[in-house]
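Just so it is clear, A, B and C label the chains in written order, and each chain counts residues from 1 on its own.
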Amino acid sequence: MPLWTIYHPPGAFSDVDKAELAEKITDVYGAVMPRFYVGVVFQPLEPRNFYVGGKPADRFVRIVMEHIARSFPSLEASRRFIDRINAVLAPYIADRGYDWELHVDETPFDYWSINGHYPPRPDTDDEKRWRAENRPSARTHA
Amino acid sequence: MPLWTIYHPPGAFSDVDKAELAEKITDVYGAVMPRFYVGVVFQPLEPRNFYVGGKPADRFVRIVMEHIARSFPSLEASRRFIDRINAVLAPYIADRGYDWELHVDETPFDYWSINGHYPPRPDTDDEKRWRAENRPSARTHA
Amino acid sequence: MPLWTIYHPPGAFSDVDKAELAEKITDVYGAVMPRFYVGVVFQPLEPRNFYVGGKPADRFVRIVMEHIARSFPSLEASRRFIDRINAVLAPYIADRGYDWELHVDETPFDYWSINGHYPPRPDTDDEKRWRAENRPSARTHA
């Protein structure tokens, strides 16, 4: 469900950084949903292909987060979540002197499929099994 | 309208596979709308730039489908459509042992333009002409 | 806020073209919001990775515009804006014989963060300061 796209200057993150970041982002979501829901795409961009404010961006990280499995129940919940994400990102971005921007879009739960299955609703027995087994399987409840 | 982005391991699809997949995806939509509405982008991703569940993804295909020209009229219609898409994808993905995930987002019809034209509403005379000619042209109806 | 992704054939735009386009796009948004809100990503795509209507696309430019900071207040406002964008693009796309398609999606204002800040509402004193200084800073109003 969450699909992250991280646009970044080619030299911003090492392969180790990327693996760590993906793991830590997955930990945040994994506290409430199956870990295999979390996709993270890194898109290195040369400054000639990436502009912020009309200027080539060689110190900027832009993150797009598509949420499907969960909707924020309130503004406060979204603030807590985004603050936590900013804290996870800090050692890799802010602390290295990069600027960054992120936004979340929410897309329809019903128009989503994994390995041909339609994912179970949050906190159902089926989702609990998907989470425990960390893989999709046929639903046993409607 | 539909814009598909297919994130995949670099070796997952040959050029022939990609051309076939694009053709078959276009056939599905082309049954009800102009074929030239259908855009398909393949994005090969090295495992160090693509993580699922916090692990490098070398056997995973992630598909994002942006729908503009049509909204699903019902849950049942969306199920039929997504099941059909999963069947079209199977020989290229499931049958080769890849895991895959897809989701659809719907974006506003009115904020869409092709070659400077605003596309006609579904099933109007203008859309029928666009479809028959497989190209955009000035609208003759409001 | 606006994040543009411009999918284009590798040879469609020179580096000078890209810098000019990013500047002109930023000028349009900069008339009403901070210039640093504007992100533009160029994604060159080989024809074997980019299909329109089921055919490899070597003369097609596809633009995705994600809007966060402002929502269109009316259909008329969206038409004026998109017409203006099409006019800005024309010398680089239509006048060179390329086909093109664009669409706008609007995503939630509240789920957006820049350098750890939550951007101020349109036309507030805080936004005016962000615009005048062309950088984010701590909000002084709720």
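Following the convention adopted for this analysis, contacts are C-beta pairs under 8 Å (C-beta built on N, C-alpha and C of every residue); 3 or more make two chains touch, one makes a residue touch a chain.
The shown structure was predicted, so the numbers you read here are calculated from the model rather than taken from an experiment.
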Since chain A and chain C are copies that touch, just let me know if over half of their interface numbering is common to both, same, or not, different.
different
Using only the C-alpha atoms, find the rotation that maps chain B onto chain C and quote its angle between 0 and 180 degrees, to the nearest 5.
120
Round to the nearest whole Å and give the separation of the Cα centres of chain A and chain C.
22
Where chain C touches two or more other chains at once, the residues are 43, 105
Which bits of chain C are touching chain A when the two form their complex?
1, 3, 15, 18-19, 22-23, 25-27, 30, 34-44, 66, 68, 105, 107-108, 110-116, 118, 134
Could you please specify the touching residues of chain C with respect to chain B in the complex?
7, 43, 45, 48-57, 62, 64, 72, 75, 78-79, 82, 86, 94, 99-106
